[in-house]
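In what follows, structures are represented as structure tokens.
One chain, chain A, links the two complexes that follow: it is found with chain B in the first and with chain C in the second.
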Partner chain A sequence: MNAEVRPAVRLASSSVGVLAAMKGVFARDMRVAFRQRQDLLNPLLFFVMVVTLFPLGVSPEVSFLSEAGAGILWVAALLSVLLSLDHLFRHDFDDGTLEQLVLQPQPLFLLILAKTIAHWMLTGLPLVILTPVLGVMVHLDGNSIAILCLTLLIGTPVLSLIGAIGAALTLGLRSAGVLLSLLIIPLYIPVLIFGTGTVAAAAEGASVGAYLALMGAFLMLALTLAPFAAAAALKISLSNA
Partner chain B sequence: MWQFFHKLGSPKWFFGISTRFMPWLLAGGILLLMSGVIWGLAFAPKDYLQGNSYRIIFIHVPTAFMAQSVYIMMASAALVTLVWRMKLADVFVKAVAPVGLVLTFLALFTGAVWGKPTWGTWWIWDARLTSMLILLFLYGGVIALDRAINDEKSAARAVAVLVLVGVVNIPIIKYSVEWWNTLHQPATFKLTEKPSMPAEMWVPLLLSVLGLYLIFGWLACVRMQTEILSREQRTRWVKEFVMKGRV
Partner chain C sequence: MSEPLLQAVNLQCERDKRMLFRELSFSILPGTVTRVEGPNGSGKTTLLRILAGLNDAWTGELKWCGTPVASQREAFLRNMLYLGHRPGIKPLLTPTENLRALMAGRRPVADAALSQALQGTGLTGYENVPCRNLSAGQQRRVALARLLVADEPLWLLDEVFTAIDADGVKALEALLQQRAAEGGAVLVTTHHDLALPGMHRLTLGAGGAP
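Coming up: the complex of A and B.
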């Protein structure tokens, strides 16, 4: 890819503060992404298509869809995040940007955190915004849609953060895509269980506070620990290449 | 103390010392496992509720116990790999991951066989069962990642990161039967309380758990020795070992 589309990271001096460096990485990732808009659209199209498969493949009955809708949307969102993870480090790895990032004086895990936040803003957040439309299409009621959006809003950053570890581990490997899914899906299962559990509890009229608190705990755990694991994995993958 | 620590990192030292331990591990393991299983299957009293079908507990609990225990051991070794770069630690992780996979599969399988007569179904999506299934996937992922990376050192360290990340699942399995209302019964053994079953049942169970532990130790040694031989094949002591048959 040419340098016009993918500007270099410019934070070489150690006088750049940590926050400024994170901002720089974040801004660059956003700029690069918006120069290749199709890449942004693809996970969203995938999300919509997977959701479409269920009414056509299983049953278009309102009773089935309104019961399973939240689960379908969650699974589709999970798969779509999984699909987009390959982009998180791949291009930077191919053109050497990632090595420069590792060499920066700022702690790598914070720069990765910035990259992951950018990744979430570009994939997870659009999914959440698209959810109400699809929620109406699978006949969820208004309350369920609101709760579903809330769980996705808390849950998709967790997916991005855990996914960053997998993406870093499988960087530069043969058949990285399948391997990435194999490594990451087991770790996604708890998030999925509590995400759909929240909506199910809300549909039964139970209190969702405890569920949301647990999801928040997942988010905090992932936010504080995942960047460290991803940074360690990234260093290993780069030394391997 | 430090000398011991350094020795522990030496594959040659481990190879020599484990050869001496292995017969004892195997003999003790077979003795304990056989006596536990035979006592449990033939002589322990019938359960008043489940009849004879409960006797699969003497296979199920040891394998399920070991499946989690092996993962914890792997995780400790993974930490050692990342922190101290000790060669033996990553040999251990690589050697026991398939053993853990098989143990987890056996635990799920015997659980299914036990579930059919008592719960009336082979499988339910219960918290304990699901989290054990996740454990199976984690073992599979560890093995797959290890095979995918050609360079031995990077493979070991990448696998170590993955194993440590997967550790979050262990407390979920452990406490799933207490946190959620599940069909699966709570833990059989607890450190702090007396077992809720009579001694004629828990003593043979304990024997088979200990026996399986020893057999696992033996198996881990065998697999580690094989791995060490293939990794150190260019060193002089391995060549001498192959020629003379001893270290």
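Coming up: the complex of A and C.
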């Protein structure tokens, strides 16, 4: 191991900008995900299966489906995101890249925000893109589908952000799955209620502005607070490892 | 003597109701290699994780260049390089991608420097092979390639000699020594029989006070 390329020893005061660091984290997560495409399909497949099984298991009646459809899609999307959460930090924890992430001379919460955005683009966003197809399948009308997509577009990032807290907290545990769900589902309930409520209001012809504003508020709250909580939880989990 | 880079005062750590060490005080001076010694379970890894800021379950004081670490965390992290048991290598990424990702939050490194570092660790020809197809020793070498592009004055290296062949061990020993000659400080734990001229030793007891 020759060492010709090495710079001389001195105390460094500056590191790369935080945006470049976030970009680095985001780019690596995306690259890893696309090297393992079957893992990308899992949440999508789950989403499609749950929505397909409802008409078979309950009733294929148009009246039932068009009324319950938005709720079915929302619950399926919620569970699908929940299932993918354990992977958010687990692999990084196992191979040691999480330690190196925490040791970067950058604000940890912003790096975690970058990771969470990558997680959403890999799980939440594909669900939103698939929603119109499944919406047609459960006989939702065009307007409802548009509103449903909009609520999922605002709602799924909230699910990823809140989920990051739970995933970080349960990282040190061997069987984290059940505990993760128990911790996270109560926090998901408001998002679910307002998500489906918006579609129901739209179906009745009521104004959805207030609902959407509330969901936007959820998103802003999660964006500003969840990364801090997840960063703190991550430090605790690593400290106990 | 120059000012110590890192100073530990009265460190105490308890793990699973067992005292790993207490009243542990030492200074890490620039230009030194310090080997942390002790039997299995004596807290070598824990000590390094405490110094790196990965473990919070300790009392005492840690100073970086004379000022408490807690008050200047980012400045400390920028000047400290930690290599743990887990190499921090993504199995799905190539050595070049791994190295680039590890440097991304620290400072910009030219691709030429990265490939030169990989060549320096004997990974020529493997730059674009996913790391999961490499042997354990080669994966270790990817992590070690970081040392060749590192400008951090303080290195905390936990069991870096694991899975490295005889030639690699020799090269790494030479690198540590050269690093100390350049004015860097190295703290290393290893079960490999490391004896460098002028090496400091920090001995931890088995579960008792050192």
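To be clear about the criterion, the second predicted complex is superposed on the first by the 227 of 241 C-alpha atoms of A that agree within 3 Å, B and C clash if a C-alpha of one lies under 4 Å from a C-alpha of the other, contacts with A are read in each partner's own complex, and residues count from 1 in each chain.
Throughout what follows, a residue touches a chain if its C-beta (ideal position, glycine included) is under 8 Å from a C-beta of that chain, and two chains touch if they have at least 3 such contacts.
The model shown is predicted, which means the values in this text are computed figures rather than measured ones.
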### Query
Of chain B and chain C, which one touches more of chain A's residues?
C
### Query
Of the two partner chains, chain B (first) and chain C (second), which one does A:Arg174 touch, if any: first, second, both, or neither?
first
### Message
With both complexes superposed on chain A, which partner does A:Ala229 reach: first (chain B), second (chain C), both or neither?
### Response
first
### Query
Touching A:Leu182 in the superposition: chain B (first), chain C (second), both, neither?
first
#### Entry: First, second, both or neither for A:Arg31, with chain B first and chain C second
second
### Task
Examine A:Ile165 and indicate which partner it touches, taking first as chain B and second as chain C; both and neither are also allowed.
first
### Query
After superposition on the shared chain, which partner residues are touched by A:Lys23: those of chain B (first), chain C (second), both, or neither?
second
### Message
So in the superposed three-chain picture, is A:Pro190 touching just chain B, just chain C, both, or none of them (first/second/both/neither)?
### Response
first
### Query
Between chain B (first) and chain C (second), which, if any, makes contact with A:Ser239: first, second, both or neither?
both
#### Entry: Partner chain in contact with A:His139 - chain B first, chain C second, else both or neither
neither
### Message
Taking the stated contact definition, name every residue in chain A that is touched by chain B in one complex and by chain C in the other, in rising order.
### Response
236, 239-240
### Query
Along chain C, where are the residues that touch chain A in the complex?
30, 52-57, 65, 74-75, 77-80, 82, 84-93, 97, 100-102, 104-108, 113, 116-117, 120-122, 130, 144, 147-153, 168, 171-172, 174-175, 178-179, 182-184
#### Entry: Interfacial residue positions of chain B with respect to chain A in the complex
82, 130, 134, 137-138, 140-141, 144-145, 148-149, 151, 154, 157-158, 161-162, 164-166, 168-169, 172
### Summary
So, in the complex, the side of chain A touching chain C is made of residues 1-16, 20-21, 23-25, 27-28, 31-32, 35-36, 94-97, 99-107, 111, 235-236, 238-240
### Message
Give the list of chain A residues in touch with chain B in this complex.
### Response
162, 165, 169-170, 173-175, 179, 182-183, 185-187, 189-190, 193, 221, 229, 232-233, 236-237, 239-240
